[in-house]
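Attaching a single structure in structure tokens format; questions to follow.
Each chain carries a letter (A, B, C and D) given by its place in the written order, and its residues are counted from 1.
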Amino acid sequence: MAQPNIRRLRIAVSGLGRMGARHANHFLHRTPKAELVAAFTPEERELAWARENLEPWGVKIYTDYDEMLKHEGLEAVCVATVTTVHAEQTIKAIEAGKHVLCEKPLSTKLDVVQQVLAAAKRQPHLKVMCGFSRRFDASYLSAYALTASGSIGRPTILRSQTCDKYDPSGFFVAYSEFSGGIFVDCNIHDIDLALWYFSADPTSTNKKKELPKVKSVVAVGVTALEPDLAKHGDVDNGVGVVEFYDGQIAYFYSSRMNPPGQHDSTEIIGTKGKLSVNANPTTGLLESHLSTGIHRDIPQTYYDRFEHAFVEEARQFTDAVLDDKAVPIDLESSMEAVRIGVALQESLRSGKKLWFDREGKRVDEDGQARARL
Amino acid sequence: MAQPNIRRLRIAVSGLGRMGARHANHFLHRTPKAELVAAFTPEERELAWARENLEPWGVKIYTDYDEMLKHEGLEAVCVATVTTVHAEQTIKAIEAGKHVLCEKPLSTKLDVVQQVLAAAKRQPHLKVMCGFSRRFDASYLSAYALTASGSIGRPTILRSQTCDKYDPSGFFVAYSEFSGGIFVDCNIHDIDLALWYFSADPTSTNKKKELPKVKSVVAVGVTALEPDLAKHGDVDNGVGVVEFYDGQIAYFYSSRMNPPGQHDSTEIIGTKGKLSVNANPTTGLLESHLSTGIHRDIPQTYYDRFEHAFVEEARQFTDAVLDDKAVPIDLESSMEAVRIGVALQESLRSGKKLWFDREGKRVDEDGQARARL
Amino acid sequence: MAQPNIRRLRIAVSGLGRMGARHANHFLHRTPKAELVAAFTPEERELAWARENLEPWGVKIYTDYDEMLKHEGLEAVCVATVTTVHAEQTIKAIEAGKHVLCEKPLSTKLDVVQQVLAAAKRQPHLKVMCGFSRRFDASYLSAYALTASGSIGRPTILRSQTCDKYDPSGFFVAYSEFSGGIFVDCNIHDIDLALWYFSADPTSTNKKKELPKVKSVVAVGVTALEPDLAKHGDVDNGVGVVEFYDGQIAYFYSSRMNPPGQHDSTEIIGTKGKLSVNANPTTGLLESHLSTGIHRDIPQTYYDRFEHAFVEEARQFTDAVLDDKAVPIDLESSMEAVRIGVALQESLRSGKKLWFDREGKRVDEDGQARARL
Amino acid sequence: MAQPNIRRLRIAVSGLGRMGARHANHFLHRTPKAELVAAFTPEERELAWARENLEPWGVKIYTDYDEMLKHEGLEAVCVATVTTVHAEQTIKAIEAGKHVLCEKPLSTKLDVVQQVLAAAKRQPHLKVMCGFSRRFDASYLSAYALTASGSIGRPTILRSQTCDKYDPSGFFVAYSEFSGGIFVDCNIHDIDLALWYFSADPTSTNKKKELPKVKSVVAVGVTALEPDLAKHGDVDNGVGVVEFYDGQIAYFYSSRMNPPGQHDSTEIIGTKGKLSVNANPTTGLLESHLSTGIHRDIPQTYYDRFEHAFVEEARQFTDAVLDDKAVPIDLESSMEAVRIGVALQESLRSGKKLWFDREGKRVDEDGQARARL
């Protein structure tokens, strides 16, 4: 085939683990306007995969991240390594003048996220986005359009859950040391959705779509199947409630033990209606009518559920860079999601309800009480 | 027709308002083993209804509750007046030696409920039950049987909501002065379900089906449509979380503004499975496929949704009395539901998380912290 | 209780088998305006049931149908015996001056049905109705209201099925000798629905709600599980198509082998929309989320699915008699349903497509061809 | 990017109308192992589209089909022109030594389809497949796997429908002159599914997965919205029944007037269970709870519903060629689908039921009757 006479985004993927390999495939085969030119991994097993699956397509493989950043013509990086190096790699890429799509979360630590933001602000011409995949799912996008258009009045209450199929390997127990805990690892998606839908309030006179301001957070949890999680201050089932100033509430549930598979669902409840995403989960359109009743399956993993959203994320990021327009998720919002997730996890651990003033500063309950006078 | 040669329970209904009239009909026409012999109401409009609809069937109408209690042969009373006199009438009936089925709640005040329990304990041969109708719904009953049989392992998390269709008349605003607030008026059903399902834990070594013990409660809420509710410390949307000792959590949502109608749903989440009641609400089995999409209706009112449960409640109460067996809902549990509802409402008003020790005594956060050491 | 001072319909039930006992209960306990005064059965087992369940309520038991008809004050009879004596008992009751609610079908033989109609016409003051229970189901009633109000334009195509859970006892094999075959026994309900919905055509200029006129019928079938059905010219799975004059088509499926239970569903397809009844069957509002997927049950029997419709049928029949108004289902329509069912069964047996002229007379294909010129 | 060092199938697309443009995109951007090297269209508007959307990617555009076949290195052709030239182009491509994926149907005329098969047989090393997209849909594939594995016993009855959203432009009226009629244009998909699922019979001793043999077909229809269809012997709503030898029946419905959108559904009914595909249609996982009830959308077009199936079809065809394995749909089956569709359309027009012997020859009813003796 002749070389396409098309302006395509030259992108690299960093990290070729489970999600990294998928991102590589999405940019290589499912994002027509992107060209996967390089990939980085230091892992031998991932390298072997890359040699078989990427190299033949002309993708250059690197075992040194800094070297990869110097790849000729490289314009953008998709950071999909382990969470602990997300921030460092993102900052390095920004400093090398690359656009960045980083897997969520930027970091499980708020101060580290702030460093990423600071780096991004120093290079305002670069597109830097944290990939909250759920925002690119067709059903969530439709719900956003309906919310923004006023179909449900003022979005007031949001309920959202992230429930994974139980993984008996114990992976998530060990991982909880680095994951930031269930609210930062799982419910961060739900928190992000709350920020997204609440800031779409069509009744607001504020046209800037400002983020809602957290007033209080509180969380509880249990270790129903994996008591060892307690070592890291974590649980396998968590319930959290976030109260925002100006009359909006989001409440969340996350679980590591949903038997049939992945069940993530969300309700956006407004003064005139409710939008319900995935109340009635299913893999597809098939039901079996057997002597034991009617049966259906649900997606087994997060990727099974959101594969098309990940592809759409890659496309929208690519378009934003090529067309020099705002990325669909701004970094402030992603930082706020981490801040809320970290606060929920702290509330879980301490048993305390945490309070914030309108500027986002922690206040004690009495300060809060005074503020209300 | 010859007089039936059947032992039937001679019952009276007190209060013939919206629910009272329905109870009267259930005992008169839909509970074969009961005989509605009397009814009481002081309200002129209700009296007119009774003269037309009850008297011709041989039901004696009273305008004085105490007189009604003296009705010859009367064995039981269904108390369905306004909440504020539930307790007083129940106690009087008990003292007059009558079995009592009382509409929920016994009272919105915990000390008053305790008086009812004390009265009932003094007459242990009488059946006294608070009517939590949802427990008699076929789907909830099936969920209970599956929970008790171990299908979902240990019931660990319960999510439950009571969402009413918005009533623009403002009735519930005025009513909030007496209702005890949204957690006592609406979520009391959900609280009762939590007590019911959690005490069915098949993995418990405790065979007494003890009630789970509350450790903490916390609640928040907003007045999205009816700011006047704030006068009574109430809201039109509330979210509450109840943490129990020994690793169980229930979380609740209630709303007065659900546009399509009544949507009460519950999830009982266990270590091996989840039972979902009414995730996918519908009035019946009809869907309309029109140019605007696919449409279905949901029940408009609580009674539309639970009519058959109310009838079943009447039948099971009648059977319990006639067969001298335990009523399906014990009073201790109903009292506990009020205690939790009142605590949630207090948490909503104060903004504070409330703590309890295993004996049910309020402790402060530090006491709690010490208790955890 | 004092004897009610209420005008109630004094009715008897003939036959106390499975459905007869249910009808007896419906009139005794669930139809306030009816008074079950008598019941007839010659069967010893049914008699024993009646002595235990009916006699104590003051119901007089007869073992002679003619004697029962003479019961003092008797006004109406519900005929629920085996199909083979439906017609004879109905005619006798009419001739004795009683109103009659007869279980479907009046007979499996068209000439016998005609005799019933002739008898009824001789006593035009009596209410005589064949009980097609599905017409009294809430979802079907809503669909009717929507059809008649024009929501779906002109009802044009109707798809309807009656699928029973497989009964390994072989009962229905033996019964096929008398049942008239699967189209007369099962699909007769679906045929009745076609007549009902098509005659509700809101676009018709004919205000008499005339029945649609059959143009052709054709049917095929298989014996998938019970080859012995072939002895009686019957099958365990049948598909039939009925073409009406003026552009309406109904097509049917019936089965004796639906593993999860009873699945009867119907689509009324109009020029502007479709009404779908029970496309998504379920027993209630409960779903189980287990490691094997999501599961729900469906009703096990026809009665499980249509219990409330049977009760409503009893009430509407009672009201029609007491208020002297037309019964909800006219006999002409019920006769037409038998005619179509019998024709489908004949088509199944002969393999031939059968043709009718607008007056309902059989014509051969060539006559049909000529008629179309 | 370096030229991939990967063996990819060099394919061309013929016809760039609605479906052709989609096929071009699928091979260009969504089938990694294929390389779209050429495209043909004589239409000015389609050429303009191709210059903008294909040429920049290195795809050579032809306005002469024969020239395109000579494109250097071309290995395969996807024929997606108007139905009337499907066969001719397919034959030409075969004769030029190209593998062919042809849009359904090969032709609306059986003798023409036979010519295609003859051409294909002369070049047995070439892969020639007619694209019945529905076979590549994930839900239909799961249903196939369950059928073949014995989950539902012997597949005995199949119900399937193809219902399009009403297109008020009248396009399909004009198109009916060439479409072969509703059974050949729409229900051909459903017929193909019947052949597929029935030949998967796991109880069959025949391991060759032979196609089921048609015994009789019969069809009726109406012109509810578009009377002009009658000019071409066509209808806008059709019902057809196909009886196979050895106890299998398929029945079909097709409509051009489904108001909410595209609703294609299928039930495969076996002796031990039923598989239901799309009984409960929906676009995604979103439902709106508004004051008018609960609402959801369904796909608007066939492509909206089956987009991913088309992509999967392109991938599987590509893999079959590259790996030199059998294509997933064999031509005999596709020819049989046309034969049945044409017979149904003839039955619709003549009003007659048509009979076939086991060899597929038409017999008259009496011949049939004799055959049964």
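Convention: a residue touches a chain if its C-beta (ideal position, glycine included) is under 8 Å from a C-beta of that chain, and two chains touch if they have at least 3 such contacts.
This structure is a prediction, so every number in the text was calculated from the model and none was measured.
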Enumerate, in label order, the chains that touch chain C and chain D alike.
A, B
Of A-C and B-C, the pair joined by more C-beta contact pairs is B-C
Using mean Cα positions as chain centres, tell me which chain lies farthest from chain B.
D
In whole angstrom, how far does the Cα centroid of chain A sit from the Cα centroid of chain C?
57
Where chain B and chain C are represented by their mean Cα positions, the distance between them in whole Å
40
By the touch rule stated above, which residues of chain C touch at least two different other chains?
258-259, 272-274, 279-281, 289-291
In the complex, go through chain C and note every residue touching chain A.
258-260, 263, 281-282, 289-298
Would you tell me which residues of chain A are touching chain B in their complex?
154, 156-157, 159, 216, 218, 220-225, 237, 239, 241, 243, 247-249, 251, 253, 255, 257-259, 269, 271-274, 279-280, 351-353, 365, 368-369, 372
Parts of chain D lying in touch with chain A, wherever the complex brings them together:
1-6, 28-30, 32, 35-37, 55-58, 138-139, 142-143, 146, 151-152, 272-281, 283-291
